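Have a look at these structures, which come just after this line.
Shared chain: chain A. Partners: chain B in the first complex, chain C in the second.
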Partner chain A sequence: MPFATAHTVSLHGALGHLIDVQTDVSPGQVGLTLVGRPDPSLNEARDRCRMAVLNSRLEWPSTRRITVLLSPADLVKRGTHFDLAVAVSILAAAGTVPPRALAGTAFIGELTLDGGLRSVPGVLPMVLAAAERGLRRVFVPEPQAREAAMVPGMTVIGMRSLGQVVAELRGEEVPEAPPVAPMSGSRLLSWRGSERRDELDLSHLVGMADARYAVEIAAAGGHHLMLSGPKGSGKTSLAERIPGILPDLTPEESLELTAIHSLAGALEPGDGMLVRPPWCAPHHDASKTSLLGGGLGQVRPGELSRAHAGVLFLDEFPLFRTDVIDALRQPLESGEVTVARRDESVTLPARGMVVLACNPCPCGEYTPQVSENRCQCREAQRRDYRARITGPVADRIDILRHLTPIRPHDRDDLFGPPEESAAVRARVEAARLRQAERYAGTSWRLNGQAPGPMLREHWPLERAGQSLVDDAAYTGRLTQRGAARVHRVAWTVADLRGLRQPGVAEVQTALHLRTGEPLLLSALERRAG
Partner chain B sequence: MMTGSATAASRQALGAYGERLAERHLCAQGMVVLDRNWRCDEGEIDLVLRDGDVLVVCEVKTRSGVGCGTPHEAVTGVKLDRLRRLAERWAGAHDLRPPEVRIDLVAVLRPLRGPSDLEHLRGLA
Partner chain C sequence: MTAADDDRLARAALSRISEPGDLRITRLVNELGAATVYGGLRLERDLEGVLTDVAARLVAVDPGRELEQAARLGVRFVVPGDPEWPHQLDALAAAEPVQERGGVPLGLWVRGPLRLDELDRSVAVVGSRSATTYGAGVAADVAARTARAGFVVVSGAAFGIDQAAHRGAVAAGGRSVAVLACGADRVYPAAHRALIDHLAAEGAVVSETPPGGAPTRLRFLSRNRVIAALVRGTVVVEAAVRSGALNTANWASRLNRPLMGVPGPVTSAPSQGVHQLIRVGAATLVTSGDDVLELLGDAGEHLVDEPRGRTRPRDRLTVRHQQVLDAVPSERTAATDSIARTAGIGLREVRTALDRLERDGLVERVEGGWRLAALAHT
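And then the complex of A and B:
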């Protein structure tokens, strides 16, 4: 029968749908019809496939009517990675390739006119989806074979050309083919790149014991953090050192993050699995789309998702556009971003730590001490600026720190020289391990993600600690949401110290961290346990 | 398009050869020829046949090679539309009301060396 089916995957966000490319080749008016809701970039596949087949010296059924159906037909299909599946299914229907060889196999890749196989974004999530649906073999462009091979239980065949794929399917010897140049996106500059951040160590920050402890707690529990302070008080320096005290990603996080970066087309051929927490610092001009994800056609992950399991740093936070700030509310709470479209609704994970930095006023010079205040802003300006900081987003921040510029006498550290990042990272790792054990079997991993009601029910505070929180809520120092946040942070402080349950001291520390009051010296002394 | 060596006369001869071959093939299948090379101001029908009750309008395409595409590819949607109109005109001119009309294509490939290849496609569009 002149009929064949090849499998491929269509991506909707990080969700992959298995697509059957069904081809019928039979007598009739000569031509190629592509049905099943292809978008324009996919419609062009007809020409690419024809030329690629002819230029691979394979036979194109040019005396037949070819009908290609992308099934299920109700899903909109986008992208150029369907080429290989379309070409292979036509060749199988025409009898060039045995149709049985296509069973249980997915085909992913864009074809060039000379029959080369070009890389496409999103190979990892596609192969994951194919594996979940029971496919056991996948053909991908050669540069992306490593990316695809991260999926367990999949036989990955990296190929350079259509000719090679056909030879492999026929069980013949695979011919030589020139490598296909990688797609755009080569790294032009690495200024302030990840190499530079490897050099940053927490021990460089002398005299900031309070802030360094706050950052350690935020990292251990995955808490959102706000750093406020005048110019030069070390907000950025502090934030940049957070990835350095985060442990390596868990295998699960690593797969999620790599899939997101694959979708964004941000993976380089040699990258492999991403194992270190990412750092994203978009400029305050960033649009809602660039931050949350979206865009024309295929939904691209935004910075919030690209910082999944890592750090998203928003410097000069009040200067971000109001709609951008408001759009952050829901993801901060739920740890995921949903982009709704007419035809589809796409949800991407976004469980990074969000670190906000802001000045005390628009010019960045204001300090409450009158003798040192060089601020030129009018009071009305300062009020507007503060209104943006204290909005609904700030209510979703677990830890608030006010930083002051270091003065010479602050350099004499009360607790000896500052620790190196490696020592802090070890404590953070241990604290995260305790949380993982405690939350085994739930959908969250860290205190910062734990839902308040669940915490109160299963992991309560000691009575004295709880009354401290209740008092603060009663007197208006804390909102109801704030009380839940204090509860979470208190658990993280206890986890860092290896305690079974947070006591009064831990709750006290959490309360100060939430309200922005300086930590007690006794809390800082207890830091290392 | 045309190679220098192919004169108008040789092209016509090739076409006539293809039509003879097609006619022989179709008759062998039990069809009856009603008309050949019927012309009107809209164009020409190569062969008009009867296949049982069905009126068959047949286009014959003959090529000596596939350098300019296969004979099949030369039959486009526009050409099929014209053949449909011509079928109507032919039936009208002969005062016939056939219950069914079909458009067929016979593609003949006559390479410079070796045997000719013929393919009959029934019911295009």
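And then the complex of A and C:
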């Protein structure tokens, strides 16, 4: 029978579609047609496949007409990972490979002209999608076998060349082949080595009791945080230590994050499953695309998605481009990014904590204490700068903290040595556990992600606490959105204190955290653990 | 046995059998002397009804052993007439009582190397237990700054502002004294053991209550009067409307000592008491340790520069020259006569003015007239 079907996967954001690559080899005008909305890079598969087959010393049906259909035909397909499926399906249709061997199997990989199998981005999410659709075996480029093997219940076969794949399908001995080069990384925007961050501990910082607490709350509930303060007040130092107080990712988060990084092509062969929360700190020159995702061809996840379940730190936030700042609104609210283009709309998860840092003015020196003020900015500059901080993005920030420069007596404080990250992490973990139990069976995991209406209905504040929020909203201290955020933070405060429900004190603390007012010292003392 | 020894023993005994700041006792001692009062009570003379109150305690008291035991705990008893006695406390004799508490303490039980007569340059930094991070920060700042200037910082040992003040003073390498409502040998609150032990080792822990005494509510009120009377002035950092710190402030006012308040946000509950003090004119508003030093330092010692913004080149001009400068458009060039018209000043004077402004670097002469120079934009 001159007909065969091979399976592969097409990715649209984090959504994977199973694609049937059907090939018919029959008499007719000699040639190869590829139909089913391939994009240019996929169209080139025709040439790559032909040369790869010939250079693998396999037989190419050169005297007949070859028709390859990528079905479902209405989906736009792009990428080079279809090569292997196309080549295998042609070989099967031509009788080189038994078509039965293709059943229940997905083929992923790009072919080189000499028949080598090259790595492609997004293997993990593709294999995930294949597993979900009932496939039980997958052929992938050898360097990516580990990545694919993270999916449970999947038989992964890592191969170096088309020749090896064909031999395996035929049940023959697999020939030797030169090793495949791993994919080149794309870590252009991560400007701080992760090794350096591993050594950062909260105990190295002095003072900042207020901001430390805020960071702990933000970490426990997955809340967005804004740190404001003059140069040298420790905003960056503190933010960099947030990943250190986050617990390891849950298996679910781990798979999601690894899939995203795989899509971004940022997964290195040795990486394996990502288990630690990520840290992304793009520079303020970053484009909207690099932050939110997009790009030409395959939609690549931006920094916002790569920081999923971790921390996205935007230092000098008001210096980011206005279109970038505006574009942050939706993801901050919904925890996902939607990149809409001409004929498709792709949604990627982005449930990281967003931490914004800003100075009081463009030069970073402004302080209201006249005698210490060295600010050179004009009032109009300061106003423009502040307008960016107080815009609609700020309304979506749960916690606002003003930092003051470290005083000499903070450094020499004899009583109350600064706590270590591990101790804080233990409390954060306990608080997250409480949330996981409470939100079991819902689509969210943390207070910061819980939808406002659901909270009000199922996890309300007690009456006195609610009226505190209502009063603040009534007098204009809080916006409606702000009221919902206070509600979420109040739950986190209660979770950290090990309470069953937030009371007045917890709501008060949440209000202070949201409005940037100083916290009561008693709020800092009352942590469970 | 000398009269002074008699007096000390009598005071130790009275201190043990009566409540600190009991007006009847402090007045009687002031009028008759401690030995006479104690002797009278022992002879079962019911002076002003005191005997009825203290009869039970009187039988058990042994002042000699009392002092010995205190000494074993490292606590000394400082009484009026001792070289170490802080004379600023004597002002309490004339101060009006608060809630039936008042008068000069019978003596102070002291643990720590700092001598009380060194408290002539001292400042109390007090405030709420339910303080905010802002208040704690300012209290530490004020204490650190004044301690560096050689002032001894005096406060309680409670959570919140008290603790922050001591931490600031100690971290700045200064000296700090805690006045307790319980015995000077005790640690209350227990969480502050490290702090209180440190003060006992480097500064002083002081109490009007003899060793072993418990911190009762009323003893805090008498304690507050000791704090206010020991220092040159009192700074209240944060105090809600019903805070004990306001009681200390009240004593400072009665003693006519400088009372200072650090403001907070008007929306902040822990600052309401301070704002009230400032509003009624009882306290002077201070924002930093420097402000405090100016008020408490010797005349002319710690003068604070008036806070003011940067002087800009424009500020030095006469009004008429400013008028001309204002008439020079910011974006384009203007001819001299146009500037004169806009300014409403005669052409000749405008010419002179523009020459002067050019010399100051505020305007530039260009083709077709004048325009603002870069300096004028600052």
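Criterion: the second predicted complex is superposed on the first by the 515 of 529 C-alpha atoms of A that agree within 3 Å, B and C clash if a C-alpha of one lies under 4 Å from a C-alpha of the other, contacts with A are read in each partner's own complex, and residues count from 1 in each chain.
Throughout what follows, contacts are C-beta pairs under 8 Å (C-beta built on N, C-alpha and C of every residue); 3 or more make two chains touch, one makes a residue touch a chain.
Note that this is a predicted model, so its numbers are computed, not measured.
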Looking only at contacts as defined up top, I'd like to know whether chain B or chain C touches more of chain A. C
Of the two partner chains, chain B (first) and chain C (second), which one does A:Glu517 touch, if any: first, second, both, or neither? second
Is A:Thr404 contacted by the first partner chain B, the second partner chain C, both or neither? second
Taking the superposition as given, does A:Gln369 touch the first partner, chain B, the second, chain C, both, or neither? second
In the overlaid three-chain picture, which partner chain does A:Val30 touch, first (chain B) or second (chain C), both, or neither? first
Per the contact definition in the header, classify A:Ser62: touching chain B only (first), chain C only (second), both, or neither. first
Once the complexes are superposed, what residues of chain A are shared between the chain B interface and the chain C interface? none
The residues of chain B that touch chain A in their complex are 66, 69-73, 75-77, 80, 107, 119, 121-122, 124-125
As the complex stands, chain C meets chain A at residues 129-137, 140-141, 144, 159-160, 163, 167-168, 170-173, 194-195, 198, 264-265, 267-268, 270, 287-288, 305, 307-309
Seen from chain A, its contact residues with chain C in the complex are 209-210, 369-371, 404, 407-416, 477, 517-522, 524-525
With touch defined as at the start, can you tell me which chain A residues reach chain B in the complex? 27-30, 62-64
